[in-house]
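Order of writing sets the chain letters: A, B, C, D, E, F, G and H. Residues in each chain are counted from 1.
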Amino acid sequence: MAKVAIVMGSDSDLKKMEKAAQLLEEMDITYEMRIISAHRTPEVAKEFAATARERGVQVIIAGAGMAAHLAGAMAAHTHLPIIGVPLSGSPLAGQDALLATVQMPPGVPVATMAIDGSRNAAVFACQILALQDKEIERRLLEFRQNMAAGVQEKDKKLKK
Amino acid sequence: MAKVAIVMGSDSDLKKMEKAAQLLEEMDITYEMRIISAHRTPEVAKEFAATARERGVQVIIAGAGMAAHLAGAMAAHTHLPIIGVPLSGSPLAGQDALLATVQMPPGVPVATMAIDGSRNAAVFACQILALQDKEIERRLLEFRQNMAAGVQEKDKKLKK
Amino acid sequence: MAKVAIVMGSDSDLKKMEKAAQLLEEMDITYEMRIISAHRTPEVAKEFAATARERGVQVIIAGAGMAAHLAGAMAAHTHLPIIGVPLSGSPLAGQDALLATVQMPPGVPVATMAIDGSRNAAVFACQILALQDKEIERRLLEFRQNMAAGVQEKDKKLKK
Amino acid sequence: MAKVAIVMGSDSDLKKMEKAAQLLEEMDITYEMRIISAHRTPEVAKEFAATARERGVQVIIAGAGMAAHLAGAMAAHTHLPIIGVPLSGSPLAGQDALLATVQMPPGVPVATMAIDGSRNAAVFACQILALQDKEIERRLLEFRQNMAAGVQEKDKKLKK
Amino acid sequence: MAKVAIVMGSDSDLKKMEKAAQLLEEMDITYEMRIISAHRTPEVAKEFAATARERGVQVIIAGAGMAAHLAGAMAAHTHLPIIGVPLSGSPLAGQDALLATVQMPPGVPVATMAIDGSRNAAVFACQILALQDKEIERRLLEFRQNMAAGVQEKDKKLKK
Amino acid sequence: MAKVAIVMGSDSDLKKMEKAAQLLEEMDITYEMRIISAHRTPEVAKEFAATARERGVQVIIAGAGMAAHLAGAMAAHTHLPIIGVPLSGSPLAGQDALLATVQMPPGVPVATMAIDGSRNAAVFACQILALQDKEIERRLLEFRQNMAAGVQEKDKKLKK
Amino acid sequence: MAKVAIVMGSDSDLKKMEKAAQLLEEMDITYEMRIISAHRTPEVAKEFAATARERGVQVIIAGAGMAAHLAGAMAAHTHLPIIGVPLSGSPLAGQDALLATVQMPPGVPVATMAIDGSRNAAVFACQILALQDKEIERRLLEFRQNMAAGVQEKDKKLKK
Amino acid sequence: MAKVAIVMGSDSDLKKMEKAAQLLEEMDITYEMRIISAHRTPEVAKEFAATARERGVQVIIAGAGMAAHLAGAMAAHTHLPIIGVPLSGSPLAGQDALLATVQMPPGVPVATMAIDGSRNAAVFACQILALQDKEIERRLLEFRQNMAAGVQEKDKKLKK
């Protein structure tokens, strides 16, 4: 049973969205990964979002480029938290995807990450899950400590 | 039976979208006007788009602001031509709606008008309908002649 | 006799605009393809647009970059539906072409596609033609089903 | 004991951020509301974020304008989920705040809402809390149904 | 016989473009002022530009908003210097008009002024005319001296 | 003898730039205030910058809008630190002034403040002067403490 | 004696600005080419602009990138027509240079070309010179005819 | 004892920020260079900034990309002058970093340089230090003369 779902609009997004999967694996969190298009397979998108809760999914990460509607389409069909990842790739370098993801109308929010920020989407999913799971919280704290230690190590190395 | 459908995401868009209705009335073309939200009433949106063809609708005009997904949501559920009208109103003055409307992914186009260009959306709908309706074509040509005459009259007035 | 005309401002746009032609061929729709500049050969542009209707053209697809005026110049001389494709290539990555194409003044609309969205322009042309041609409508529905099937196949592959 | 904290950088942001408080009250969720500046009272910001978890806070909503660092400063000192609300008000209409909030570096995400989207921030907080609280989930579903009903009522009214 | 032509796409542009006329009057330079639309009266636009040279016009100032094609349409039909004035007024505050005016393709330049910079367009026209007219050059130098004197006077006033 | 010079391109900038003067008065730092245009009185600009050092000026604050060259023109003629304040007021809301001020080429920096950030320019001038003046440093620390206290007071008030 | 001066801020701009020189050579117009920096050699810039008229220069083309002040600096010291060429090269792809060149304040215009549009700057210089030189006018007309012929030839080739 | 501190958010910024170090070495000014993250090692950032004054640091140069908060975090903890260098590298080419650095709120300024302008940051640091150090001032003047000489040499070379 997957706790986090990672969906993307096209297989060309896979390379970018895999970073979310990697982080979840590092954190030992179950996930499923799907290619679902808000515009080309809208029925699948609806079905997927509408049944996610009962399937045990707690957070959905949706990555899409251009007029990125995927996260919003998920949000329309479930009250689970949706994390949107605007993807670059179009001539506008993700500015289109950013605005199409973040500027959601009243009542249907999408928690938007940086352009191509799929790894951060997974971190944020952990932060949500950690609220009810001490073990995930422990790993998250460790992840943050390691991150800080990594910066400090590079800092030391530079000073030498 | 309406030939053109005008949909908008919120009743706050009504004042802007009414200009499309006015133009269609001037051109004596039947239309229906609906408030449908891609995110708040997605089932209605789907149903509306999916059954439009059989109801006799030939063109759908969809106006929405912010992360404007309405036109795209229509396009996902019908092969009828969809005309998108990005609406201003957010702090970004419609730049968000423009990109969220026009930057559609391969296979599912939305014919995008200028920001707040609902009247032009109706003109474009007429241009499509005129391809198979001599009477609409006649009115369209008249409309264009009147428009030209209007400019020339103002030009004359200025010269004086 | 061509049902769709594809025009572009320069032969350097050919590689991008050919995708429109390919789609039309896939859909078995006749087309003509021309290099016409709104600024360098304005007389040709005018003549081409003004006579398109009587030559049997039903939709004009116009692709141009920078201060992209070609689609607008077409729209000034015919009441046929004009589909504009803003092309990237300038340092501004098509933002100039997008605004110069989509922000048309009242009365003379251009149906604007995504930056470099020439293939979608052809899809939209099909959507218009399908309103009066059952065979094109059949192919369009098939095209959409194939598109959906393609996404679902990739989705299955990913799940494995 | 507050489940949600709402912080803002200045009392001039109060009018906008109060909408988050109103939504939380509608949903019967406890909250605290604070004015804390990432740049003028950084010690308070740090203390507030670092102790939020032990005080029982589960989600922090941070609203700020211009070079909006407040949400990021919160995220630096706690592993609780941070929801950022970029606020307009500067000559750049919130574009500065949007980028300064959403473009967070790897490891320290901020879940960004639309410009001035404080109400949606509260909705998203509910979505997080609903994962572990059946009563909040029930109210959230009700909220979504009311929202849909509201759109449909306006739609009916328009049809008449 | 007018030395400078001022054209604009709509009578709603008149208030802004009149500043060009005022400057030309201050400089005692003959001008004509016209409302001509590149899209609504393209034949008039062509005729006007194509015959300007023989009518004695030396410089054409063209002001337009949105997808501002007027200056480019003038440039397509004459080799006279064209000065383009992008006009604000649309939700994009003239950014659309700026890019649609300045980003002209190779071979057909438009000398672009600041957004709403119609007065500067007239100054630049004077600078061109002054190359072959000592009297205009004299007035231009005087204009520049007065401008400098005006700044210095305000500077003195401030120091007190 | 003025330690700080405040220059602006036009008397219409006075209202905005006065905030810099007010801050300097609060900090009891001598200043002079001038209206000097990089384009209309370039000789004055040069003379002013070139002689500022010998007149005892230590920092120059330059505010300008649109294609804001004033700060850069100052920087070209003196090695004193120049603080640039991009001013809004044009249709582009200061985006033009920001880029024209901050994007200085190698070797000739301008320390750029937020759009309309004249008061912060004065704060930054104090920060520079405080390096060699204990009394200014003392006042600066006090200023910062007051600022923090102000935020905390509003925070307390809100909690009640 | 040079009729046109081409100035640029750095030798790294040479490759782009040479296209202006090439066009002038094609048109058989004398020119001089200089590297002058508004910020690093302001005295040279002033001297160059201030004496250009008496040296017989009739038009100055100034190309610069980033906070491009060179064209404006020229305009501050001469009443000759200045043609500005904003150059790309910075991370902002010339958007900075475009705004810093085109958004000139009242009274001191710069005729701005497209980003990297140095060749068009030379065409525009010819258009100015052609007003008083029949031979240049003849060559300009020929240039335009060749340009049109080039487009038409490519069009023919495509049709085959 | 270092007079200037150069801090950056990540070791991936090193290549860009080294240019600041090189300039300081050319000017014979002592400096320290550190990797400190506002978000990943906020305690280090605070400690570093808060103790910089007593360690003898006079100016801090802070380079960061994306939602660049590092310079602001420094400014929150010290009254020393902070010079911010927005770094490109994200899909937005540094526009995000520019706005997140320059648009600082009232009371806490960051002196912002051009995107990737680390070398200019060091020049500006010299300009501040030169106010109280005749030797640095002498070297700065020499640096400016060399810079001017470099431009003039290239100019001479081009004329040949």
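By our rule, a contact is a pair of C-beta atoms (placed from the backbone, for glycine too) under 8 Å apart; a residue touches a chain by one contact, two chains touch by 3 or more.
Being a predicted model, the structure only gives us computed values, none of them experimental.
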| item | value |
| --- | --- |
| Third chains touching both chain H and chain A | D |
| Graph distance between chain D and chain E, where chains that touch are linked | 2 |
| Chain E against chain C, contact positions shared by both copies (same if over half, else different) | same |
| Chain centre separation in whole Å, for chain H relative to chain G (CA means) | 35 |
| Chain centre separation (chain B, chain C; CA means) in Å | 19 |
| Averaged-CA centre spacing for the pair chain B and chain A, given as whole angstrom | 34 |
| Shared interface positions of chain E, touching two or more other chains | 10, 37, 40, 66-67, 90, 92-93, 95, 102-105, 107-108, 114-115, 144, 147 |
| Complete list of chain pairs which touch one another | A-B, A-C, A-D, A-H, B-C, B-D, B-E, C-E, C-G, D-F, D-H, E-F, E-G, F-G, F-H, G-H |
| Touch list for chain G against partner chain F, complex | 9-10, 37-40, 42, 46, 65-69, 72-73, 75-77, 90, 92, 95-97, 99-105, 107-108, 110 |
| List of chain A residues in touch with chain H within their complex | 88, 93-95, 114-116, 144, 147-148, 150-152, 154-155, 157-159 |
| Complex interface listing, chain A residues touching chain D | 58, 79-81, 83, 98, 102-109, 111-115, 117, 119-121, 123-124, 127-128, 130-132, 137, 140-141, 143-144, 147 |
| Complex interface listing, chain G residues touching chain H | 10-11, 14, 32-37, 40-41, 44, 66-67, 90-93 |
